[in-house]
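Structure incoming, see below.
Labels for the chains are A, B, C and D, by order of writing; each one numbers its residues from 1.
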Amino acid sequence: MFVKLQEEKVFKDPVHHSIYVQDVTIWNLINTPEFQRLRRIRQLGTTYLTFHGAEHSRLSHSLGVYEITRKIISQFERSGYTDWPQEERLLSLCASLLHDVGHGPFSHSLEQIFHTDHEEWTCEVILGDTEINRVLREVSDDFPERVASVIRKTYDKPIVVSLVSSQLDADRMDYLLRDAYFTGVNYGTFDLDRILRVLRPYEDKIVVKESGMHAVEDYLVSRYQMYWQVYFHPVTRSSEIVLRQIFRRAKELHKEGFRFAFLLAPIKHLLEGSLQLGDYLRLDESLVQTTFSEWANERDTLLSSLCRRFLNRQLYKYALLEEQDEAWLADARQEWLLLGLNPDYHLEVDNPFDSPYDIYKPEQKPAGREKPPILLLNEREQLTEISVKSDIIRSIAGIQHGKYCVYYPKDELLPYIDRLSKNTREKLSL
Amino acid sequence: MFVKLQEEKVFKDPVHHSIYVQDVTIWNLINTPEFQRLRRIRQLGTTYLTFHGAEHSRLSHSLGVYEITRKIISQFERSGYTDWPQEERLLSLCASLLHDVGHGPFSHSLEQIFHTDHEEWTCEVILGDTEINRVLREVSDDFPERVASVIRKTYDKPIVVSLVSSQLDADRMDYLLRDAYFTGVNYGTFDLDRILRVLRPYEDKIVVKESGMHAVEDYLVSRYQMYWQVYFHPVTRSSEIVLRQIFRRAKELHKEGFRFAFLLAPIKHLLEGSLQLGDYLRLDESLVQTTFSEWANERDTLLSSLCRRFLNRQLYKYALLEEQDEAWLADARQEWLLLGLNPDYHLEVDNPFDSPYDIYKPEQKPAGREKPPILLLNEREQLTEISVKSDIIRSIAGIQHGKYCVYYPKDELLPYIDRLSKNTREKLSL
Amino acid sequence: MFVKLQEEKVFKDPVHHSIYVQDVTIWNLINTPEFQRLRRIRQLGTTYLTFHGAEHSRLSHSLGVYEITRKIISQFERSGYTDWPQEERLLSLCASLLHDVGHGPFSHSLEQIFHTDHEEWTCEVILGDTEINRVLREVSDDFPERVASVIRKTYDKPIVVSLVSSQLDADRMDYLLRDAYFTGVNYGTFDLDRILRVLRPYEDKIVVKESGMHAVEDYLVSRYQMYWQVYFHPVTRSSEIVLRQIFRRAKELHKEGFRFAFLLAPIKHLLEGSLQLGDYLRLDESLVQTTFSEWANERDTLLSSLCRRFLNRQLYKYALLEEQDEAWLADARQEWLLLGLNPDYHLEVDNPFDSPYDIYKPEQKPAGREKPPILLLNEREQLTEISVKSDIIRSIAGIQHGKYCVYYPKDELLPYIDRLSKNTREKLSL
Amino acid sequence: MFVKLQEEKVFKDPVHHSIYVQDVTIWNLINTPEFQRLRRIRQLGTTYLTFHGAEHSRLSHSLGVYEITRKIISQFERSGYTDWPQEERLLSLCASLLHDVGHGPFSHSLEQIFHTDHEEWTCEVILGDTEINRVLREVSDDFPERVASVIRKTYDKPIVVSLVSSQLDADRMDYLLRDAYFTGVNYGTFDLDRILRVLRPYEDKIVVKESGMHAVEDYLVSRYQMYWQVYFHPVTRSSEIVLRQIFRRAKELHKEGFRFAFLLAPIKHLLEGSLQLGDYLRLDESLVQTTFSEWANERDTLLSSLCRRFLNRQLYKYALLEEQDEAWLADARQEWLLLGLNPDYHLEVDNPFDSPYDIYKPEQKPAGREKPPILLLNEREQLTEISVKSDIIRSIAGIQHGKYCVYYPKDELLPYIDRLSKNTREKLSL
């Protein structure tokens, strides 16, 4: 059941100018409580503590991914490319709109502590007892399952999966542009129109016309720059460390039978690892912040001081290390203990990494996690992996490591500064 | 005690590109818990439900107002204008940074229900037992009082007041640009650099060089456009109506002795009208949203359904009226009652208004509320009120009314549609 | 004969990002010598002497007008509006591309001196022995005549005429955006996408959906601002005065039988009023500038000094008058004569005017010159002239006058400054 | 004699928003005929034939270079860096404003044919009998010579030279931004403000704070992208080939004693290699275009057809070669001869190259041509050449080659297409 809206709906969007909705199903999905909940989850987690403009929500990003997918498909249809399966339009749009619907608050940080997986939650939201499921079932009984299989990357038409999830997908294109816009960092911009113009469906893949190589270079360099300027930023890392420590401490306390003065059910079940879909959908960043605000007065001083740090942005300071220095770290932990500081919390080492572009080496990847490489299509219909042709892409492909930093509460250390070893003072530039 | 930072601090800002902090006092103020709390209060209240990008916080706006003030003063100093009192620099910067620090969650809506006043709260935060007060007192004992008097517009140098609060002040200039940026509406942009270049301190006022008249026209037309496109938008009005109704209902219930399953102290004291500074500073939009999320399950079905409407963005629909039609409204209230709807909640009329520019008529204004007019300074040092010279400003001066609309829960009315009078169906285009 | 190109051609354009050519006829028209000649004629005449970025050519503007027309038609087709005559697409595109093809160098200035008319020349280019005519005739024998009748506004489907020539036509929309972009004045920008979305073909007109009124306000205010900031700028006016004086002097000299050391045929025939199409097409701004460069060494010192002024941007200075002051001007002319200056050249009064928006009053206009008003279409299909509804448009409708200025060669006057009357010195602020 | 203007002058500039002039000397230099002449010389030569927006003049670029230099110096002064020689401010500003004043029309193309050197002409304009020389001498007698020595890179304070001429100089920064703006290619943009903030005077160099490495990466990648998208564009290369052929042919004809119907003195002396400063200053792109327009009717059909090609943009087509293929080229020349085409003109191979960034290897460079490398300064005051630290810069350093193409007049070849060898038809894809 595919029904067009009588009149196109338009959302004003700062990144894409306008977002156009033409299908009843898309309109109804946007109006479900589960989708609206994404307004209460920020796209960039704690990054707003570094870049104050970065308050944008996952809802705005999800609309953006939908819009880019819509544009790509509409260009494929207009050009009459026969390798594009036209009957997959609505499925692709739904999957792109919903691909992040299972994100929880500060997902990337919390997933490390609680071992949840937003992709699984996304499938639960799509398949479970939700408004989203009801809207999807109006299309056909197996439609929710088909949407979920696109999310899981198991759908039997890989070209649909690659629209939503590849190294040049609508997801990445939107978040780079959006994160750059809201942080105010102008390294993240690239020429979206140009990239859209050089995409081609080819057999079961989406590939790039060879003459578009420089446009893709520009996009990957933007991505590389965003890692360095935004995603690896030490202040953001510091806020994530504090956030994770709050939940680590709360989990320990709860395990020990600590009686929290304030503990709403979704948080309780999160600490216990017994979250069900209903609770999960009540978990949002408002609830986390309200909980921290209440916990700022809990009796456990470690927990309460961490919460105050997070709310008041009194984060850990950082010092750059040349490399992981186990010997010094072991010594420093001893020093911390002697000063009455807690080395499990007050001394944390971090070295973020990610890859702006992966040269696909099938043997190195666990099944289901690989992202296929970007392929160039030349005029003789030959495909070449892009880093073979581009020096600049080869130079940034593979893992990029952020700075190796040690994080610690400088304010708590300062009173004891002359009791610190010379080595530690030098490492921390104190 | 005026101390410069050893190294200038820079915030990345999407509107002003960079925000520069040069003074220890400003840096310390930004790092207080009371200022950081502004991250949890949106600049535009419920507007994010209409324009999904409008998630920007009052913290980002406050930094922006500070930056514009800093630029104006720095231009006055560079040009050596003798009418600018150079010793008032730090005071002006502090007042501009802190002018909104007393805002609560969804201020404009809540102030109507609870008769609080964010300006009074701002002064309490500045003068009360707060970190902000401690930072300000490091400058001098009377410094907090001086900052508060600028906020209250009673400071004895009106030129300082007019930097922060006039019809062409740093506050308005920042919010127009910022609201336009984050909503994505490009009507709100004007040439800030050009305006800054034509401002002059003149006696105890800030005036505009006559050759800059067209730049001010552009700014006022932007303001007018923002009223129509953003501030008066019926969807935003609808969300404000639902928000106010939630608090109106909660206040009624609390008065009647209703036992809320969830009621944290700040909200309880808000309902009772007994808020103290400590509670007030815990009131933020996270708390309001968490409360709504819990209230969505309260036993009172009116309250719970209003909360669900707000969280899930299932707002009231609106119909345009030609003018307030008391006769029909009285009839409609009767119809609502007969259908089992509550006309006190399910039928609300709204007609927003404001003034892009006020031609100052002293006799018409209560003391302390007037904003002095914009004056042009010509080469013979004569001052003229700007609307005398500009047709375009004259045409938009004075009160602008948004659309006259009636708001109602269309979904609840639809089952009874054939029991509605013909007149009502016509008014609501049902 | 309508033929689509095998592959769409794309021009990179700073204003519209990309310009798309899909028809063989359009592609062939662009590649004619007559169209390429527009590269050598600036869109804004002498304005580059005030705003150094304003070097953009009429070719770039013509492509822009074509692109906006293409977008409007494509939206009309996509929406399936039945009032739009789909068979007129190619005609509309050709007329919009060619509407300025008869412009000569510095047209607006030269037309005043030589009483030529670029619209007539446009029709000659379309109908005469030109490549453009040959390309058009490939469509059909009467196609050139049909294109010319759109230019002349006599085509029997007024809706086609109004696309290219009305108060909200593709011509005005492109030049406002383009002139703002290249001068760097950001008052001229408005939301083109929004305007395009609210246009509707209605009977034999193009009208505006009532909800789009504020978008049109914004466009007309931009137009008003561009008059004040750019089109009426006194430095531009001064350069036009010098330019006109050069041709006025050359015409006088030629009439008197002066033997120019340098006088190519097109300029000679221009001075004589005997230009034929072949000569006209060789007249471009390169030729005019080269001629001035040679005339800078002619024996007539008035002519040579005017040419040096123009090339070296040593323009006349201006003084603002309150109003035309005939008595003083008569006196000043006497003073000039006594000082050996030439009042016919060295004293010129100017008061530019134009209308950002004309409220159409049929009885006041000569046939063929009126531009129909902008009409709003409401949901009951009623039309209202826009200034009835919009205060702001009413305030800027009608004639706008620039500043009343007197222009004179200050450098030539300075040696005699103490011989000037007190009155004159005051008028000129000397 | 350093004199400040009474009131700062402001030029509106699309790239830098505003350009501020504060010194009488700078103001007077801008108003000389020699500087104003740069309005008649395009910054990007024939590129406007590929990107129609690229009409911007060398005057606008020169003002931009001046403005960036002014901003750098003003930041050095504000920060009180002691390694910056404050007394060199005016000299640096003059050199940056004048660094391109010796450019002739379509310089890069003509210099290949006539072996002139714009840098030498710049020094002649500064030192010869010109208004510019007179203005400079008002500062001091040796000031013109000092300005010239900065241009020649022999001034005894290398830090001044490096402002105007290095791999990260004001010249490159302005032209990348400006060329990107006017072509409409948005690959060329980078964050100028950020770069300016990380520059430091250090001993006799300008270096980059290590934390600014990514900003420099972004700038160099922009530069790399501009080479590929704009500077190496085959259509631009084709127009340059036609332009050079015109002058090559004219030079041959003149040598053979051909009597041109139109030949003004500056062109005549150019052909003869006997240009003097006075003639050179009359050589501008208007004169070149007017000359081509007249030559389009000369008796020599090769010359006249080349001129028509250039004016009407009927350029040579190109075909991509894998590499220089001498054997085929020799054969093709024979084919051309048999068909009556002129292989010296109608078959030209081109392979542009340049270097976005040079790793300085002193032994490899002729004296006076090297540009020193970009150095990073870390917190321990150690300097490192940037490509040592940056993979991405290393990947684009060194020579970049554009595409290997053969250019030929397709229209003249088409009639003989079936007489061409199979090999040739394949090479040219005919």
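The rule is short, and it goes like this: a residue touches a chain if its C-beta (ideal position, glycine included) is under 8 Å from a C-beta of that chain, and two chains touch if they have at least 3 such contacts.
Values in this document were obtained by computation on a predicted structure and should not be read as measured data.
The chains in contact with chain C and with chain D alike are A, B.
Among the remaining chains, C is positioned farthest from chain A, on the basis of C-alpha centroids.
Averaging C-alpha coordinates per chain places the centre of chain A 52 Å away from that of chain C. Inter-chain spacing, taken between the CA centroids of chain A and chain B, is 32 Å.
Look at where the CA atoms of chain A average out and do the same for chain D: the two points lie 44 Å apart.
In chain A, the positions touching at least two other chains are 17.
The touching residues of chain A, counted against chain B in their complex, run 11-15, 17, 31-33, 36-37, 39-40, 48-49, 51-53, 55-57, 59-60, 63, 181-185, 264, 282, 284-287, 289-290, 293-294, 308, 311-314. For chain A in complex with chain D, the touching residues are 186-187, 189, 191, 214, 217-218, 221, 224-225, 228-229, 391-392, 394-396. Within the complex formed with chain C, the residues of chain A that make contact are 10, 17-18, 193, 197.
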